[in-house]
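You will see two complexes here that share subunit A, one where it goes with subunit B and one where it goes with subunit C.
== the complex of A and B ==
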């Protein structure tokens, strides 16, 4: 891990000093022992701030999109002949590269606008699972040693198995190594457990309708409409989200049951064929809403019906962007 | 004011008893979260907890409420009054930081010039019972840096202190005294218990280690609206509403009219300065066009504008925004960084 971090800093510093990138997006050290902070650096000297450890959580592809689009916005006031591109470097694990592939497939930016520093990934620690494993005791210091997380709490030191506190998404991750990259640091990480990927969906599908609905309504009742899930999602890049549109108004602003459910249902459906299961939405949710079960169902359908896994390769077009003569159409006749 | 002792095993029953004829809002376990909720018959209040996920402000200032209804008529509209839902209530189990938040919210909502009847009516009918932090629960607590104390009684009507096998119940206001009398025949606390409580308070304050220069940065904030420092604090911010929605003192709201066919309602709902829509104008112009300006607003509102308007920092140091920020943007660190400039 330290070795990867060292190489990462070197590569990042090199990209910045050789002016191959204008900015570089990575993770920096946080103020809490179990959290890293998304960081944007512009000077080679700042590369020392970068960290790489299992507390690096949110998918950074979101920031790639943000930075490029903010730059384009600022270029609107510049004469067309004087406009520049902003080249963005990014530290990317498997899921981050999948999100970048989706951006590229959806023509959000060009491949030459992003320089990818690939990092091998063996999963990140879910802070909720960590707090749960400590039975609500606050982690005051955390260090990952091999497959153990050593934690100091007010009541003394504890060791927690890393696999017990990994995010659910990481545990069954199919692409934990970068799919596309310009520079790779470290050796590829060993595979996770993708065979179990759809277990939660299979179990959920086997429940009767009313139980599934009851679970959905229970989970959604926790939502406080803070939009952390939407805002961290690299695939949620609409300039104006439907919840914020007022002409027509799609959904009410309150936390009435129907308003919350409509927001979540529509956001989830907007992820059909576009969710890479990075787990960021689940990780950032302050209320612990189980969004993954529903997103994973769409992912499973995408694979079973169209043989498609979101962002798995630049050459596999998303099912909703492509039409093929072999597309199933029986649903048209049998709703 | 009266000071009584309540045996540990009796208190849950007393709280449930209160809930029989009064509205009681108390911390309850809801899956992984401890939340303030209306205490229903089959619900168990939690008395030993670090702090709740949500702040108790929701009780006086709900996330969404209907202010009035209207019916579309051939010409104009018929307005229908919606009475303010407020009845005798007890807000039980508030941590001292959160209890202080009501003192700050009163400045805003109970201002003689702009009195908010929704907040004020509920507030007037509610008795607040606080549970002191004998052991301040989190390393992210910083109440002592913003004028609070882990065992402060400010904002509470009745204060409870965990003395081991009993609760020391200290009435702070007449409302609190009345509630204490309603709790049944309780033994009075002796001198020794009060002395011991005072010793515990000293120890508790020492545990809160955080040193956040919340008030000393004010002169810098007064002078440096355009400082380069603001260019970096928002990096990584998701622009979500977690910090503002979980904050006990954030109080910005929006008013929206919603129509369904011929019927409509005017709703008030929480808003967040972190949202791009917050000051978006109809013209398309936004005086706070990027997250930088929005973050500066949140910080300035707490540590400068509120101080200018009401003479107090609009933060009680509960640390929720620090603990639950999805990307670990830490308001304590921003204040500390400013103090070093």
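== the complex of A and C ==
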């Protein structure tokens, strides 16, 4: 880990000093001990701020999209012949590269606008699980040593097994190594357990309708519609999101629970064939809504119906942007 | 018993999103040919089944539709060549997703009716009405609080 961090800083510094990138997006030390934060640097000297550890959580592809689009916006006021491109470097684990692939497939930016520093990933620490493991005691200092997390709380030091606090998405991750990259630091990480990927979906599918509905409504009733899940999601990049549209007003503004349910169904359904299971939305949700159980269903269907996994390769476009005469249609009603 | 009492006199309300070129014409043919079918369906005409935003279906359910029907041209016969093929992919995923979160599968129904299938259109409406009637009035996700008046 130390070693990867050192190499990462070197590569990042090199890219910046050789002017191969204008900005570089990575993770830096956060103000909380159990959370690294997205950090944007522009000078080679700032590469020392970068970190790489199991506290690096959110998917940075979102920031790539944001930086490129803000730059494009700023170029609108510049004479066409003087407009510049901004080349963005990014520290990317497997899921981040999948999101970048989705952006590229959806023609958001060109491949030459991003420089990808690939890093191997063995999963990140879910802050909610960490708090649960500490039974609500606040972690004051955290460090990962091998497969344990050493935590200092007000009441003294404790060790928590890393595997007990990894994010659910990470256990069954199929692509924990970068799929596309320009530079790779470190050796590829050992595989996780993708065979168990759809276990939560299979278990849920076997419940009766009413129990599933009860679970869905219970989870969604926690949601306060802060839209943090949307804001962090790399696949949610629309300039004007349906939740803010007022004509038509897709999402009502009352306290009726159905308004939240409609929001959730729509946001989740927008991820059909596009969710890379990075777990960022789950990680940022302040209310602990079980979003993954529902997102994973779309992933499973996308695979079973169309043999597609989101962002697995540049040559496999999102299933809903494709069509075929030969798709199964056993759901079509025949009187 | 009680259920029967509350549902007495209740007729399903079904919203049908149909394409202009096939199913709408099919419905027209059913009318011209004076084929009888239950008056449970409210038809909304769209250019193509590919124009049916999945959210129309979700919104119809929220607004209290007991059932939603979507019908377009048969695959291969789309006026816009492939609109219904794109639609079919969306619907396959949407129907499966709505069932997964607990909606009864028969609340959302997809079918193909061509312009010459007046008879089939009537049978579809009969079939869908029966399915929805068996489920009873929609209760899940039906909005009960009205939106504030727009300023």
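Observations on the model:
Assume the second predicted complex is superposed on the first by the 326 of 335 C-alpha atoms of A that agree within 3 Å, B and C clash if a C-alpha of one lies under 4 Å from a C-alpha of the other, contacts with A are read in each partner's own complex, and residues count from 1 in each chain.
As a convention for this text, a residue touches a chain if its C-beta (ideal position, glycine included) is under 8 Å from a C-beta of that chain, and two chains touch if they have at least 3 such contacts.
No experiment lies behind these values; they were computed from the predicted model shown.
After overlaying the two complexes on the shared chain, residue contacts for A:288 are found with subunit B alone; subunit C is out of touch. In the superposed model, A:6 lies in contact with neither subunit B nor subunit C.
When both complexes are overlaid on chain A, the residue A:83 reaches neither subunit B nor subunit C.
Contacts of A:325 after superposition: subunit C is touched, whereas subunit B is not reached. Looking at the superposition, the partner that touches the larger set of subunit A residues, subunit B or subunit C, turns out to be C.
Touch criterion met: A:256 reaches subunit B and subunit C at once. Once both structures are placed on chain A, subunit A residues 249, 252-256 are touched by subunit B and, in the other complex, by subunit C.
Looking at the complex, you find that subunit B touches subunit A at residues 30-33, 50, 53-54, 63-64, 137-140, 235-236, 238-242, 245-246, 254, 256, 258, 267, 269, 272, 275, 277, 290, 322-324, 326-330, 332-333.
Within the complex formed with subunit C, the subunit A residues making contact are 201, 204-205, 209-216, 242, 249-250, 252-256, 258-259, 261-262, 265-266, 268-269, 272-273, 294, 297-298, 301-302, 305-306, 319-320, 322-325, 327-329, 331-335. Every residue of subunit C that touches subunit A in the complex is listed here, in rising order: 54-55, 58-59, 62, 75-76, 82, 85-86, 88-104, 109-112, 120, 123-124, 126-128, 140-148.
On the subunit A side of its complex with subunit B, the touching residues are 30-32, 35-40, 58, 62-63, 70, 128, 132, 136, 138, 140, 222, 224-228, 231-232, 244, 249, 252-256, 283-288.
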